[in-house]
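Paired with subunit B in one complex and with subunit C in the other, subunit A is shared by the two complexes that follow.
Coming up: the complex of A and B.
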């Protein structure tokens, strides 16, 4: 198992290295100017040139890349070119918002997706068809639209939730839960539908297999067969879907954060893009890629736990 | 199938926690009150150094902690502030400022002539909007501890307005020397930043500073500023009481009124076309004034105002602020919608069969307007190739160079000299072909050297010339929209994106 994890980890880190390297050179090729982005339209060419030199942008691109990589290896993501903030501090300070949303959305999607998927798979006919219609609807609704509607109805009109803002977990656990509920619902609707649909199909497939009929013939209860035997074999595709939904939630949070006035990683990334703030863009990218690698690694480990044959693949 | 009991219990616990949170969270929604002013802002403050600040909504952050040497009235006239008196010499090349007694910074350093000198010198070196206002300042002379004289290379009509904002914000000289001003503001302004109660990018709390010399002008005990980039989030925060004031958009007005908000407007930006290739280098047709006039006649401004802007704003052929000294109301009648006249002018210029032109535009908010303009121009035979440009701050500006025309939203200012510097001189940012003519060259020399009524007359002459020569094809001057709760009152301020903090007061 350790060898399996090591191989997967090495592959993931190679992927992260390739992505950030490609992105660094891609950003440099786009012609965007971090010095101009930091100083604004009315700065003179001389001032922009000075800023460019301060940021080290007058050096060869390869040298800039190697310097950046060297600093990253020492845990230093540099300083934002548009604002006076350490990139690592910026990301760490905004991390709780985005992680709360993404983890919360995946948790809600996992629980409700599994429940709805099992209900749909085990209750064919009208109930299944009705649930499928709801799932398709949930999957097709854009989450920013859902967010706007939720904010209008439950925050503005009914006043049950705050319209904007984030409360830190350490300041008030109930306030924290209160502040992230609507964003999480908006972010998870599509994921619930996707996981439920995936699980429903897998359960129906596994339910029809010979070993399940054998278990039934031995007099085991339907619930036992479903939760212990069928779900274990039907869950890998849903697990893959769940990992994809986590990654989608990380990126989808950028839009949801704006609707609810939350200052998370998404807000940082959008503002950095507007200012050509390459250190921040690269920092956010590195962080996001590492999260993707970590999630994929976790899913691979869970796969291997569920199915030992995977370990030798 | 039934839900497992543990899952049912977990869901019940979540529901209970939410219910409890809902009960306990009401205080946040009602945070705004008469002793506290809570402002929604268009964006975050990226630096506290006035030398690096750019104009815009960031002025509220700056005004909370810094005080300017001069200040603007509601109609953007200039009056004394930290400098209680100011006067030019006869040829307008020296400005003498007399400083108010007893003013101190929040680190207890006294405001004196040396403090003013180091501030202005620092501002000149910066890349913010203050450096443009300071460009003509050659030397700062400290005449005595309470008197400072600015020596100018040439008369500078924008200097006083600059001293009323970013150029004039005074920072403690100790903080400037320490190099910490970008992250920690130390000013002589009405409030102190409460760093412990603030969170970068989320919320900034300012508390009234003891001993501030002009306390009655700032009646709130605390001011909170919360940045919201997204209009929807800002509006939701306003209607639910999380903030009391926001900069809005015209399409929010009907709903804002039904939601019980106060709505006020002032003339803001103009939108239209900069016909920048007036020498006809990239588009020979634009080199002929009759073609530029034809473009102006081809636009049905009233219809565009009603259909595209919902009636918010005023049709305009001018690029100056309606409250500025350059504004001439009659000029708005110069180019009535007249397609026949437009075709006649095109034919006279030798373009009776029409011509093609590229029009660049800022992708996003201008995108819906460009096809409308293209249709009107098409009706008189001008085929428009629409060229979207994205991200002016990131290199998009470079793509405008060599383009014959482009559409944008442009600020209008008081004094009008700011608009002159932005668009009319050969070195202006928005004059990429560096075009000028004899009349403009003459007026740009005469205006700085004049004052009062004489200067206003010269501005009007300049404006009339620009409209007659059709340097631009403006469509409307938009209204800036401000929405606020009935528990505060806000006096509108001309030609400034955000009204100054001293124009906010509890409702009477």
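Coming up: the complex of A and C.
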């Protein structure tokens, strides 16, 4: 088991390293100009040249890369080229917002997706067909549009939730929950549908397996067989779907944040992109990829816990 | 060659008909056509220039001049949406094209050539799948700007793993088919094989996925426009949503129209893809089995009997009436006139078991013999109440130890399983839950059904494993099914079947899947347990040698009915039915040449 976790972790870190390295060279070699981005369109060429030297952009790209990597290894992500802010501080203050949204959406999707998927698999007919409709709607309606409609109805019209702003968990747990409820609903609808559909299909497959009939022949209750044996054997594909949904939620959160005026990592990245602020872009990228690696690792461990063949391999 | 083309053309037209017969797909297709036409014809259809700013006309409600009203700058919303459709369609076209161009060739090569390319490309595409697309897009925008081409090309690359995996697995599937080898032997070049066999298989699923990717493209592109990554002069649905959102407080209804435009288009794409998948027979959904009516009901036995009225006549035609007039009074299991039917989707009924009557006494072994498909297993599952939900069971009598099983609810029937009647399956490996240890699977029924403590159940499980001849019970208890051999797994299943002291054991071909050397031991074990515990045993088999070894009486089944039933000595000495003679001849060493099946059918029916 430990060897398995080690291998998965190594693969994940290799992935993070590859992505980050590839993106660094891509940014540097495709003509993004952080000096120009920092100074704006009206700065003279001389001013930009001075800034370039100041940011160290006149050095060879490989040297800049190794330099950056060396600093990252020491926990230093550098200073934003557009504003005078430490990248690490910036990300650490903003990441919790985005991760709260993405994790919250995936947790909600996991719980509701499993419940709805089980119901759809075991109650063919009206309920199952209704789920298909929800599934198509969940995929077709852009989540940021759903977010706007939710904000319009529940925050602006009914005033049940705050329309904008993020409350830190440490400041007020209930305020925190209140401020992320609507964003999480908007983010999770598509994921709920995707997970419910995946689980429905795999529950139906597992239900047709011979061992389920044999378990029934032992006199175990349908409920016990469904919730313990079938669910466990049906969950690996749903788990894979869950990790894909988490990645999608990290993306979706960047847009949803805009709707609810939440200062998350999305807003940071969007500003940085406009300014060609390479230290900030790289920092955001590194953190996000690491979060994804962490979540994938968790899913792999759960996967192994559920599947003895993986564990013993 | 021409025949091949005809077959293919026939298949295509049949699929086209299937698609056109699906109202959902046709409506979705029509909606898509309308959207494409509206966007292409936007210059003609739009009431005014989408960028015409008339500040005095700002935020007007819908009217004759402005069917959808105006935005905060007094621009006509309908005109902007019509023009905006062009951006969405371009975005979708770019993303789908790039995804196909990356995914299909790589998938073909990876599936076809395997080896190192498969490993490398699978790793790369797996990596692409775990990248949050928005961040990658932001990197691309920082370098190349927010034009439609760089963003949508990037998104196309990020969507290509889907197409890659689909193509790769389709190619691997084709490679395992026989005609693939035949084509190679025939000397077709790789390229021709790919075009003739592989692409035709891949095309359908790829088209279906493409419609989903197209939908995704529209959503993501709108999202980028909504975030402000777009040309403000170029009307787009996402940009409209963003404009509407900015005048959110004053005119909230402005966010409705662009959202509906996006939602309807994507929904049409999804439904179109789903209908396409259905007509190609590659549905993404698994169908559930629906009960024709609650299984195992017999509220109108007379009617059911009338329906099966041909069965007695059938038997009469055979000559000897094989069914004993009345089962002995003390029989443990009594079955009279059992029928199992399945209603097919076209409404026709298929009767797989008809007019079956049999009985088993305590301590007796009844062999149920017949070739595969004769209804032996269906009969067993009907007795246990374990048929799939779309099966219908009826019987004049179906009783265990005097208690009628007909019309029992699942919850009542469940209480009889395990403790009164139990089941040993045919294929040991697929009948153990792969995720749980043997110990968990053995002790759970004893704890749930007999109320034993975990400790007591474990102790009893160890005894049982010892009794069924497993060498190291504690180790087996901790093992998972994949760590056992087939013979060991079957012993575990037998231990499980007898763990709650059933009176009746139904063993469905318990030795068929095992090595010949193990078969005799497992039979001996079953016989031993049956004697020790004085159980009634129904042994389903197609092997008359097994019957001769351990059965007391034999029922011979064919085509869903019992053609002959008598004590084992009588059956071997004096088989009454032609079919039984055929079975005996086929088994015995000095068997005469087999008779044609046609002859037999004349005699049999």
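Here, the second predicted complex is superposed on the first by the 310 of 313 C-alpha atoms of A that agree within 3 Å, B and C clash if a C-alpha of one lies under 4 Å from a C-alpha of the other, contacts with A are read in each partner's own complex, and residues count from 1 in each chain.
Everything below uses one rule, namely that a residue touches a chain if its C-beta (ideal position, glycine included) is under 8 Å from a C-beta of that chain, and two chains touch if they have at least 3 such contacts.
Predicted model, so just to flag it, every value in this text is computed and none were measured.
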item	value
When subunit B and subunit C are modelled together on subunit A, clash or fit	clash
Partner chain in contact with A:258 - subunit B first, subunit C second, else both or neither	both
Which superposed partner A:32 touches (first subunit B, second subunit C, both, neither)	both
Which of subunit B and subunit C A:40 touches, first, second, both or neither	first
Subunit B versus subunit C as contact partner of A:93, first or second or both or neither	first
First, second, both or neither for A:156, with subunit B first and subunit C second	both
Contacts of A:138 with subunit B and subunit C, given as first, second, both or neither	neither
Touching partner for A:276 - first (subunit B), second (subunit C), both, neither	both
Residue contacts with subunit A in the superposition, subunit B compared against subunit C	C
Subunit B versus subunit C as contact partner of A:124, first or second or both or neither	second
First, second, both or neither for A:148, with subunit B first and subunit C second	both
Touching both subunit B and subunit C, residues of subunit A	31-32, 148, 152, 156, 258-259, 270, 274, 276
Complex contact set, residues of subunit B against subunit A	1, 3, 7, 10, 14, 17-18, 20-22, 24-25, 28-29, 44, 46-47, 52, 54, 127-129, 131-132, 182-183, 199-202, 226, 228-230, 232-234, 236-237, 239-240, 242, 391-395, 397-398, 429
Touching residues (chain side subunit A, partner subunit B) in the complex	31-33, 36-37, 39-44, 47-48, 51, 82-85, 93-94, 111, 115, 118-119, 122-123, 148, 151-152, 155-156, 159-167, 172-175, 177-178, 181, 223, 226, 258-261, 263, 267-268, 270-271, 274-276
Subunit A to subunit C touching residues, read off their complex	15, 18-19, 23, 26-27, 30-32, 121, 124-125, 128, 132, 136-137, 139-142, 144-145, 148-149, 152, 156, 197, 200-201, 204-205, 209-211, 213-222, 224, 229, 232-233, 243-244, 247-248, 250-252, 254-255, 258-259, 266, 269-270, 272-274, 276-278, 281, 284-285, 288-289, 292-293, 296, 306-309, 312
Subunit A-touching residues of subunit C, taken from the complex the two chains share	127, 129-136, 138-139, 141-144, 212, 215, 219, 222-223, 226-228, 241, 245, 248-249, 252, 255, 258-259, 262-264, 266-267, 270-271, 274, 285-290, 381, 384, 386, 410-411, 414-419, 422-423, 425, 427, 430-436, 441, 444-445, 448-449, 480, 482-483, 493, 496-497, 499-500
